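Below is one structure, written out as structure tokens, with a few remarks after it.
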Amino acid sequence: MKPTKQILSTIISEVKPLIGQGKVADYIPALANVANSKLGIAVYTNDGEVITAGDADEAFSIQSISKALSLTLAMMLYKPEEIWQRVGKEPSGQAFNSLIQLEMEHGIPRNPFINAGAIVVADLLQSRLSAPRQRLLEFVRGLSGDSHIVYDKVVAASEMMHSDRNAAIAYLMRSFGNFNNEVIPVLNNYFHACALKMSCVDLAKTFSYLANKGQSVHTKKQIITPTQTKQLNALLATCGLYDGAGEFAYRVGMPGKSGVGGGIVAIVPGEMTIAVWSPELDKSGNSLAGTRALEMLSERIGRSIF
Amino acid sequence: MKPTKQILSTIISEVKPLIGQGKVADYIPALANVANSKLGIAVYTNDGEVITAGDADEAFSIQSISKALSLTLAMMLYKPEEIWQRVGKEPSGQAFNSLIQLEMEHGIPRNPFINAGAIVVADLLQSRLSAPRQRLLEFVRGLSGDSHIVYDKVVAASEMMHSDRNAAIAYLMRSFGNFNNEVIPVLNNYFHACALKMSCVDLAKTFSYLANKGQSVHTKKQIITPTQTKQLNALLATCGLYDGAGEFAYRVGMPGKSGVGGGIVAIVPGEMTIAVWSPELDKSGNSLAGTRALEMLSERIGRSIF
Amino acid sequence: MKPTKQILSTIISEVKPLIGQGKVADYIPALANVANSKLGIAVYTNDGEVITAGDADEAFSIQSISKALSLTLAMMLYKPEEIWQRVGKEPSGQAFNSLIQLEMEHGIPRNPFINAGAIVVADLLQSRLSAPRQRLLEFVRGLSGDSHIVYDKVVAASEMMHSDRNAAIAYLMRSFGNFNNEVIPVLNNYFHACALKMSCVDLAKTFSYLANKGQSVHTKKQIITPTQTKQLNALLATCGLYDGAGEFAYRVGMPGKSGVGGGIVAIVPGEMTIAVWSPELDKSGNSLAGTRALEMLSERIGRSIF
Amino acid sequence: MKPTKQILSTIISEVKPLIGQGKVADYIPALANVANSKLGIAVYTNDGEVITAGDADEAFSIQSISKALSLTLAMMLYKPEEIWQRVGKEPSGQAFNSLIQLEMEHGIPRNPFINAGAIVVADLLQSRLSAPRQRLLEFVRGLSGDSHIVYDKVVAASEMMHSDRNAAIAYLMRSFGNFNNEVIPVLNNYFHACALKMSCVDLAKTFSYLANKGQSVHTKKQIITPTQTKQLNALLATCGLYDGAGEFAYRVGMPGKSGVGGGIVAIVPGEMTIAVWSPELDKSGNSLAGTRALEMLSERIGRSIF
């Protein structure tokens, strides 16, 4: 069955009662102040159709969803071995910001979606791009067709004020020779990427290349090769949902990437890109109602990769 | 493109040169003595067609591949919550036989495919079946249509003589209240499951229900529900390849389960079940040439879940 | 100043108000049922004088204090390198019954006073003595001059019923080749040693060789050499108080060994042996009021090793 | 027996053959370039006598020995609870520069002699002293009576260039709220303290307060109280020799502090202060020949705390 406005609206109303059971991220005020009642979903089919329900057009802080975008840029700029000798491809089995495994594995992060791995990717972009922050912004504006996308300066500044843990991660990797630039500017870019404000519709359009063998449905541009697309989806499926990737695969069965702003992007290869938003998080840091909405959508339309 | 005898034979000859680059499991003589030159592949399509190349009909020790069969039996016998309150669904990020995470997470194994998790599953089967070992044997004989499948008694006995690490795992779980039977009989059953001797053809036929929404292609019996099938494939995709699940997803892109005997089973949902065998293992403990064969097959026939 | 009956009585009355602030060990009923109000102290000087206050003559379960006795026996039976290649001499920095470090350090326990180390010592005794349990009993009866000392059979049996964690430790060490006998009999002896019932007076007399260059004050027998005595005191000072050895050294400043029965033995080399008993434990598992009593005694008589 | 020039000279000649069996610290050139043949010892008795042998008057980089001096300063400036709520008193059971335990224990270092703990102490000094670096220099010049003691600027600068690991430690503690100043200036002071150049004679005189109930033998000034002295010696005995404190206590039996420059200070409370120097280190990072020299001295003069 194809996703319809009707199906999405029903799902939105059915998951709404879950609001109150999760917890909005509160480590910075800019996130803590978001209304927990926000709830939106957008589907962007490979035919170019946009189907939405709820707050699908309201921009929010995409946070770690940006890690998939930064990795895409790195894959466009570097040979595979240049990336994968510096960051692994395995699930971490630990919290996203832990230094324990990083020390035991000599400064090589487990994958590009835990903080350490994303900071290595930010370091890679810093080494090769003259203005990585501007480049990323142009990239998402182009892919989404939304020229109003901006960095939320308040969020980015606030993240910088709480950057000690990530600074520790960067310095630890530098002590192992796996970080090449100055720590502060790289973290600043990293936090700006996290502070991108995008709506569900923006996200679904932006990530459409992952559902379409690397070609953006919106711009028709080939962003990455079909093989790279398969690889990136594989990384998302095994590592994209913090320490809840297994549960997400079990329940939803789609490659995805979540952020502590409450957004999740999920891919049905060959068919569609989905984005949901609900700020309250479960224990793993993934949107609680958002995950449930994707699970229901998977069931209703009979789609998953498994 | 559909898999053909020609494609499989070409792949076999192309991966043959990899032999010598891996390492045959040698912790027990019965495994160490297997010729490292063995190399076989079998595809069983959902139409019931069997396509093979190399040593596809020779039986070998399936080892950890049996963990997916034991879990299937447990899913047939127990309600989901009865299983998943005792074992998790997340990748471990650690070696398959480590006790570190198990202690830190209070005796709840990360997933049913690391040793600790499989031992919990064996404990579940022990509690509910009068003769779990016989039941498992009948299960695979039925699914494969091969009534000659047996337990390799030498392997099983040899495993029991090297069972200290697994006994430590079982006792540690029992100290946390997550193990209910006597340790020795459960380990004995666990090692017998690992000592099943099956060929690539046997394995491909046996696991066909995972490619066919829970219904065995060979027997037409519904083994588990479509939802359970999706769930089990999801668990295999995130946790089925030891600490190499991410790399396997990246390169092959199919749910799978490996064993240190050198076998790997991989699933293309809706289409086919594949089994390969080559005894030499890579650093993660997965068949080196077997993984490469699956990677090539995925490329040649253009199939993966991503 | 020399310790007097007066000083000990004053200390007992001054630490009494601490009762209620700790927690009696409750993992087995036989320990949980001990009255938390028990409080005793005994000093045995190198001149052979016994000074006591409170419940100094009442026998209690010495638990881990026995680890120092078992190690003494092992030092009498083995060459140093035979012991110290199988167990280390360093503080663990972890809980006494953790398997994490044991796995990371390949089955070699950090020191002979954590459970793993004491189980290795029990394995050593098992290999060389025909009746280790009887031998230990004779050893303490002789040293204390108290022929009524017995094993508390109820405690020993109860420990065996809660032995899963220690069985896990033994099997893990066996998997690394650092355990040579059958697990159950060794654990049984280990638990019997823990179940020795001795009073403060018994303990102070028994351990007098540690204050007297290896010669028992009571029997005049040379138990171990002066060098071995120095070594054993050093091990007690750095590792004898679970993960509270640093705090104990900081406050009390004497080599010591504690047990979860609430007993502590402390040594003033060249002068005296002290034993205290108060069943309530602090967070590290050491007697709360007992530690305070030793701290006060150290201050009042101006004695410590520092 | 009292230590004599003769005894020290004999020890020096007897340990000389050990040179070549250890490894000079080489993480910065300024340390790597020190001649491995250097070997000196100085004893400073509580009567004020100086006895020396070998290169006892040659200044070397005291490195972590400075951690005991910085802690002394902190104990002079802060109430005990102000210090000990921010740093523990227990041995770490891990490498001196590990972040693993620090993360697991929420940013509270195990003791003041591992890097994390010493960085907390440096942070404490930074908060309360206007010129901590100058103050420390005056402190050691006064205690040693040697006004020529300086910071080795080359060593300090070189350490700053290899400070990534320590920066990671500081930032990790800051993320837990256990670090209050700017990271770079504190690390700079920390590295300067490590870069103090002092001879064995300087060190023995400087630390004489630890052998003399807190009163400097040289200046007659009361540096810390007798109780603080006992406490500090206790910390040195359990935590002063990296992850080799147990072995050092077992062999030498004196409170001590080592540095990767090859120096070790050891205390015989009530009698004397000893300093040795030999640049080659054992596996724990303690001077190999220096430890052996102290072990022999302990045996020859019959002195240890045990």
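Going by the order they are written in, the chains are A, B, C and D; count residues from 1 in each one.
Methods note: contacts are C-beta pairs under 8 Å (C-beta built on N, C-alpha and C of every residue); 3 or more make two chains touch, one makes a residue touch a chain.
This one's a predicted model, so the numbers in the text were calculated from it and none came from an experiment.
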{"item": "Distance-maximising chain from subunit A - centres being C-alpha averages", "value": "C"}
{"item": "Distance between chain centroids, defined by C-alpha means - subunit B, subunit D (Å)", "value": "55"}
{"item": "Separation of subunit C from subunit D, taking each centre as the mean of its C-alpha atoms, in whole Å", "value": "32"}
{"item": "Approximate Å spacing (C-alpha centroids) for the pair subunit A, subunit D", "value": "48"}
{"item": "Touch relationships between chains, expressed as pairs", "value": "A-B, A-D, B-C, C-D"}
{"item": "Touching residues (chain side subunit D, partner subunit A) in the complex", "value": "98-100, 103-104, 164-165, 167-172, 174-175"}
{"item": "Touching residues on subunit B, where the partner in the complex is subunit A", "value": "88-94, 101, 110-111, 229-231, 233-235, 237-239, 243-247, 249-250, 253, 255, 269, 304-306"}
